[in-house]
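Lettered A, B, C and D in written order, each chain numbered from 1.
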Amino acid sequence: MALTQKFGQVMQIRIGFELAYHHPQPTPMVVMLSVREERRHDLRRADTITFTPSLDAAHYHDAFGNRCLRIVAPAGSVRISADALIEDSGAPDAVFWDARQHPVEELPHETLRFLLGSRYCETDLLSNIAWQRFGHTPLGWPRVQAICDFVHGHLQFGYAHARPTKTAWDAFNEGRGVCRDFAHLAIALCRCMNIPARYCTGYLGDIGVPPADAPMDFSGWFEAYLGGRWYTFDARHNVPRIGRVPLAYGRDAADVAISTSFGTSILTQFTVWTDEVSQRAPLLQATG
Amino acid sequence: MALTQKFGQVMQIRIGFELAYHHPQPTPMVVMLSVREERRHDLRRADTITFTPSLDAAHYHDAFGNRCLRIVAPAGSVRISADALIEDSGAPDAVFWDARQHPVEELPHETLRFLLGSRYCETDLLSNIAWQRFGHTPLGWPRVQAICDFVHGHLQFGYAHARPTKTAWDAFNEGRGVCRDFAHLAIALCRCMNIPARYCTGYLGDIGVPPADAPMDFSGWFEAYLGGRWYTFDARHNVPRIGRVPLAYGRDAADVAISTSFGTSILTQFTVWTDEVSQRAPLLQATG
Amino acid sequence: MALTQKFGQVMQIRIGFELAYHHPQPTPMVVMLSVREERRHDLRRADTITFTPSLDAAHYHDAFGNRCLRIVAPAGSVRISADALIEDSGAPDAVFWDARQHPVEELPHETLRFLLGSRYCETDLLSNIAWQRFGHTPLGWPRVQAICDFVHGHLQFGYAHARPTKTAWDAFNEGRGVCRDFAHLAIALCRCMNIPARYCTGYLGDIGVPPADAPMDFSGWFEAYLGGRWYTFDARHNVPRIGRVPLAYGRDAADVAISTSFGTSILTQFTVWTDEVSQRAPLLQATG
Amino acid sequence: MALTQKFGQVMQIRIGFELAYHHPQPTPMVVMLSVREERRHDLRRADTITFTPSLDAAHYHDAFGNRCLRIVAPAGSVRISADALIEDSGAPDAVFWDARQHPVEELPHETLRFLLGSRYCETDLLSNIAWQRFGHTPLGWPRVQAICDFVHGHLQFGYAHARPTKTAWDAFNEGRGVCRDFAHLAIALCRCMNIPARYCTGYLGDIGVPPADAPMDFSGWFEAYLGGRWYTFDARHNVPRIGRVPLAYGRDAADVAISTSFGTSILTQFTVWTDEVSQRAPLLQATG
């Protein structure tokens, strides 16, 4: 596995999106497109979300701490956009082979909900398979990595294989999927093995890797709780990456849709960007 | 439908349980068997949970506000019991036909998670069916009642039809189930119609109804959010009842298992009671 | 001490208020005037808050679970009102002399914040006094009652003695105050003795007691955590009462102001009502 | 004001502490000495807290999201220690002069509690002073900086001026204090001006500044909410610093004591370290 061996330079990443929707009639929406609280202290230009036409938006945090906005989109078109600047350490996803697996009785309370089944992660259906396949792997990081390696090899990637109702069980049986399905299957298997795992959406650029041929999209990956913290894993790419910026965590994709429309809604434009910018941008200013 | 027409007398209900488990080896468990916070002010004798042999138990509230206990059950047998006394208004489940349905944009933030799909409530699969069947019913209470009436008629009750992996979609297609399946299907249909619905477990005695022939068990019902509060609905019985005491709320049964064992666990005893006691029990004492 | 010796009849209470404010310029406000979640299941007519002129209001729950509304009051006058109906068991405040005091190590986590000092409850200043005076009283309910008896006797009641910056320490030294000060001093003393105590505001009518000569106002009392639940105490009246309806809990009055204006704000009208209504009101309707 | 003008190199900081207490009898304690959630993803060696003698510790998060441990310290001595490694961007505290002040109606709900008075920050007593002094300064970052400049100049620093019951009002009137008092006074003044402000404790080494003559201690500073995020301010040092690692946030020092003992407790040892380590430590390991 390729791995960036040295620590990075602090860099700044320009992140943003422009989405447009058409609604036949006024339609309530929830959008989950703000940078997670854990990384807001790195924002150098705020990720203020702009609606065109301008709209009242109410702001709240859901039960996972995700920052959500509620609007009523008017009949016709609505454009939703943001363009922010975030500081990043430039370090790749941490790899810490010695991070130990907590026995269940030691896990913090708030991690326990990430051991249960959820809409797209049927732990009850996958439990026997998980124990047969991973019950003899070493505990902790190696076990999660074994799960990622299995999922990475078992599923064939392809956009043609995506559907919104697809679950981990479906993906396991069909043998193909998109990044969301890779994450769901790995999450379900981790939970079966009593390792808390949560779904994550966010920005993931191609910093440090060859540019992808596909147009830029938001990405889905997962986190596992080991050694006292949540670590990033990515069964789709299965290699540490630079410059992830998380938007939302949840039990699975059902919890963290970037937008939820309560009525008929047609997505008419979808553009996402995440680009490294020059370090010398004059954003750090003297105070006196 | 039968309905108790007058308000009740305040009464006291003795509630409790005695469960026993066998574990081949020390096994972490979470138990969710305490009365919900909303009703704790009615407890006249606390629902202290006793473990035999005696064990350290850590106490926490999950993301739904349910009171949970964590233990490590020793190898061998463990007995878990409580015996409490709770005051109850004696009024049947409220029926308020005029409780209006909130448009989505008006719903309190914290109710929105009860519109999403969950492990046993596949809103994505049931949405078209729900709109075809209930899209022309009157909004609000009558719509939820129409859903209950449908589920009550569509599913045939029978303990033989229970299985832990059964979902609302499965129940809809198989046409049979237990109280949990009635609740899951009604919940999924309510959510499809943009009415927040949550699963509830608790005590439900046979006060005011003919005694059931089945041994006493905990019950599963649901609540729908209408007119600014959560109202109780019960698609299984489909009639207001007296003396429900809720233990836990969640998105579906996956969130509110009365016990979760992280390892092999065999249930060896299961006794639950809920009985009206004399009003003259000398529990209300003068202070001076 | 007077005490209603028998259990009550379920009754309905009409509760509501009409407040008016004048603002020289548009002014953000937070109002905390909704019935607490624990009692919303008893509402028979919702406590919908109406603003005149009509205004957009955003709804949220604060860190204590209180239901808050945010508005921007326009320049000029704004009227805020509600008129609800709530079912009540008719039982007086529970008195449970045997409710035991939990040693600190047993207290639920979420009660611990109610042991700390807060704006109007200076535990650090009152600790020595508390231990000298109550260190030899029996643990549990008798100790809280001893604190109430002391505060009830030590403070002289009088509206002339109210000021918004007055703390428990001030009240203790000055020997006089209003219901808020009685509560603050009792709370601070309980916390010094390691008994969690929280401030409560709400409706308290004169059901079962001689009508007060003062115009009706919201009331302030407190709750102490004993025997696995929060119990109501009232050092001002120092006798169980019927028909309390809580609006908000907090560490002290700083957390639960019925309204907070972020700018100049003049209260021009203040009316509160809480009246028992006939039990035969046709609110419980048959469903079919 | 001095300011590091360039972005830093990613570095690793060794942080830890060794505390010892003597208790005449078994004593419940809460310790708040774990790295905040927002920075846990930077831990390269976990900040596991060790108790000597070894003890059962229960883990929870308080209402501010701080990670707390509860123990019952035995009679005699107890030693509490941790020794962790954390990655840091090496960038100084962000200075973003253009970060705008949110009008109150725009503030996220969860920031509103940081506008209220609290034990050591008497906004009610300081409001007039704040508006007279800062009402004409430019909104946003310049206003917070004006508050910091005032506090930095108004208070004389000195360990001799510390006492646990000292409030912002006391510090303002006495004209002297320690880092905690500088933070409390600046927090109270920000809140008076409708800028949410919260107290922060944590590690702060002397990276990039001349070593202090005082022994290393935990530090107290504050954060203000501007431009969509919380920014660090430090009225004591009043200059951006490198390498802060936050342990806990709260309304003031009453919420974030590093340890709280419920009984007599004598601190017998207090050692804290925070040192930059070589970047070449072999902690980033290949996975395969």
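Simple rule for what comes next: contacts are C-beta pairs under 8 Å (C-beta built on N, C-alpha and C of every residue); 3 or more make two chains touch, one makes a residue touch a chain.
What you see is a predicted model; the values in this text were computed from it and never measured.
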item: Chains contacting each of subunit A and subunit B, listed by label; value: C, D
item: From subunit C, the most remote chain by mean C-alpha position; value: A
item: Chain centre separation in whole Å, for subunit C relative to subunit B (CA means); value: 30
item: Distance between chain centroids, defined by C-alpha means - subunit A, subunit C (Å); value: 43
item: Touching two or more other chains - residue numbers and ranges from subunit A; value: 58, 60, 109-110
item: Arrangement of touching chains [line / ring / star / complete / other]; value: complete
item: Residue numbers on subunit D that touch subunit A, as the complex places them; value: 1, 3, 5, 7-11, 37-38, 40-44, 46-48, 59-61, 67, 87, 89-91, 94-99, 108-110, 145, 227-232, 240, 279, 283-288
item: Subunit B contact footprint on subunit D (complex, rising order); value: 56, 58, 60
item: Subunit A-touching residues of subunit B, taken from the complex the two chains share; value: 28, 30, 58, 60, 62-63, 68, 70, 72, 103-105, 109-110, 112-113, 115-119, 122, 124-125, 164-165, 194, 254-255, 260, 262
